[in-house]
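Just so it is clear, A, B, C and D label the chains in written order, and each chain counts residues from 1 on its own.
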Amino acid sequence: MEAFTDGVFAIAATLLILEITVDTSHTNDLGSALLHLWPSYLAYVTSFMTIGIIWMNHHTCVETIVKVDRVFLFLNLLLLMTVSFLPFPTRLVAHYLQRPGEQTAVYAYGATFVVMSIIYNAWWRYASSGCRLIGENVPESRVKAITQAFNPGVPIYALTLLVAVFSPLASVFLTFAIAAFYLPSAALFER
Amino acid sequence: MEAFTDGVFAIAATLLILEITVDTSHTNDLGSALLHLWPSYLAYVTSFMTIGIIWMNHHTCVETIVKVDRVFLFLNLLLLMTVSFLPFPTRLVAHYLQRPGEQTAVYAYGATFVVMSIIYNAWWRYASSGCRLIGENVPESRVKAITQAFNPGVPIYALTLLVAVFSPLASVFLTFAIAAFYLPSAALFER
Amino acid sequence: MEAFTDGVFAIAATLLILEITVDTSHTNDLGSALLHLWPSYLAYVTSFMTIGIIWMNHHTCVETIVKVDRVFLFLNLLLLMTVSFLPFPTRLVAHYLQRPGEQTAVYAYGATFVVMSIIYNAWWRYASSGCRLIGENVPESRVKAITQAFNPGVPIYALTLLVAVFSPLASVFLTFAIAAFYLPSAALFER
Amino acid sequence: MEAFTDGVFAIAATLLILEITVDTSHTNDLGSALLHLWPSYLAYVTSFMTIGIIWMNHHTCVETIVKVDRVFLFLNLLLLMTVSFLPFPTRLVAHYLQRPGEQTAVYAYGATFVVMSIIYNAWWRYASSGCRLIGENVPESRVKAITQAFNPGVPIYALTLLVAVFSPLASVFLTFAIAAFYLPSAALFER
């Protein structure tokens, strides 16, 4: 499971760059065209860092797991399917932010993260509830710490959806901020 | 063989998202354009889940195998070539479902799955017949159980082709249903 | 070295499918458009099988090698760079075969294989000459057998270039035939 | 960390080929179109070799490291994000070199390498300063040798940016020359 999962994470992260395209048909000034691409860079960095965090946390969780069953593998595949899907809403944000349709694009982006965090939570809660798939030698405090780190996931991404109602741009910046602040705590796990 | 095989499965699954493109040249309403993309989402989910299942079953089979020979490696490469090919008919279904040409697109999609299941069956039957490549410590009942799980593959995908004669849409939904129902039994293997 | 090398082989093989595109702007008949794509399928299968063979032989060679040095790693990187390049001439053959420009496309395709087989030969000859990087416990006969399998590589791909002067189509079929005939002998290695 | 890192390096290197596209809409002569693509080949080879060198050096560094912490993992993710970004400026150089806008394209290319070498230096300096993450059995001379190899990185890529002010083409050739000369020393590490 690890090799396929690692592969999907790495490929989804690397494919993000293909979604950034520069259109100079309306201008001959490449420099100004590149500067106007800042929504693309923002979307690229936000999605890349979020995939990086999910991948790091995924490893931390898997370290505590000693067996798998059919439901768990199914949830893992659903999670990978959502991660693989991320380049599509990332492209929408890259192309539509600051243009007509930006609200729809950011809704799609936020909704993908909400679905992802719901599946990710379900994946971990299935494994950890009653220590169903957790190794016997894993201290209960460690499992609890991971569960607590999962708790804010769904509400915080739901908040980005709510923010998008008022300001799509603020919503994307919030998603970026979540990734930037979550990253150290994700790395903290790894210790 | 495992590293290359895992890589091809993971990459083929992740590349699927590149086949989903949104065209807003006829409309300025991104929301409605995204809703009209539902054939793309259906094709994406169906192909992703099917690759996931084939990959899970592949691992289960390989666990029982202790040696390889030239024919087996050739069949494995043919299988990978078909899996890698899948993004192409997936794109056809994503673009043509509910449009002129949908029947041809779904024929191509279904035919790819029929070819894939024929090669996959040949791959396993070559390895398992007379326990040619199977480890001595693998119980015969396990080999038989795997073989029985392979049996419905070719007929069921042939059925999706037949259904496409009457309704291309129903054929794609059937392919999705096969993946959704096969997934738990694939995971069952893994135990 | 192995993980990066395996990754590049698997990704290059899987990216090939992105080079197949269907253009229905001149016709509303998807079926006929798909049939006219046969040069694309031929190019896809030929390139995929050739990458598969190179990858299989690469593993066989690496098994006999116990140390690496700077020249060897440089040659390995050159080999990977050529393998990664293959999707580009494959796309040329897919788009131009049976159309104006087909001869140039097939020259580019054949030349890529000639360069690839020259680098691949240099890579192995550097490692094997005087058993520079070969393990002490590897029988000399095994090294000789591998070297003999490498011998026809450059001349045979040079021949496909020569054939392209008279018939581009025959040249691509010859390249396909080389892959199809070489594959069993590649697998033979693996035993 | 290694599997994800290796994956991102291999995928970023292999995706580079997708940035080379041939446009024959202005001419029916494919041969001349392919010859005029030489900036694309130059950009492809330069970026591929640079990724290869960074990857080889990354492995050499990681071999001396026995533990990781949150800052190190964050810097590693930043490095991967920059490596993954490389296909984008590579495409700019491939499309704009020898055309209007070439200076901007080469600035973007050079700036990416400057940022990459700054992050790469920070990554290694964080790990090595006071032997923070280095294994106890790693000789100090080895750490020093690696640090010395890192030293010219930032200034030399800053130089390519400066050269681009006078000649974008010369700047790209210099970047290629850096890769070509650095490669043997990168391989030297590996011993």
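Basically, contacts are C-beta pairs under 8 Å (C-beta built on N, C-alpha and C of every residue); 3 or more make two chains touch, one makes a residue touch a chain.
Note that the coordinates shown come from a computational prediction; the quantities given were computed from them, not determined experimentally.
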Superposition of chain C upon chain D: rotation angle, C-alpha, nearest 5 degrees: 90
Centre-to-centre distance between chain D and chain A (centres being mean Cα positions), rounded to whole Å: 26
Whole-Å gap between the CA centroids of chain B and chain D: 37
Where chain D touches two or more other chains, by residue: 3, 7, 11, 15, 18
Pairwise touch network: line, ring, star, complete, or other: ring
Pairs of chains found to touch, sorted by chain label: A-B, A-D, B-C, C-D
Chain B to chain C touching residues, read off their complex: 3-4, 7-8, 11-12, 15, 18, 68-74, 77, 80-81, 84-88, 92, 96, 100-101, 104-105, 107-108
Residue ranges of chain C in contact with chain B within the complex: 2-3, 6-7, 9-11, 13-18, 20, 22, 24, 28-31, 34, 44-45, 48-49, 52, 55-56, 183-184, 186-188, 190-191
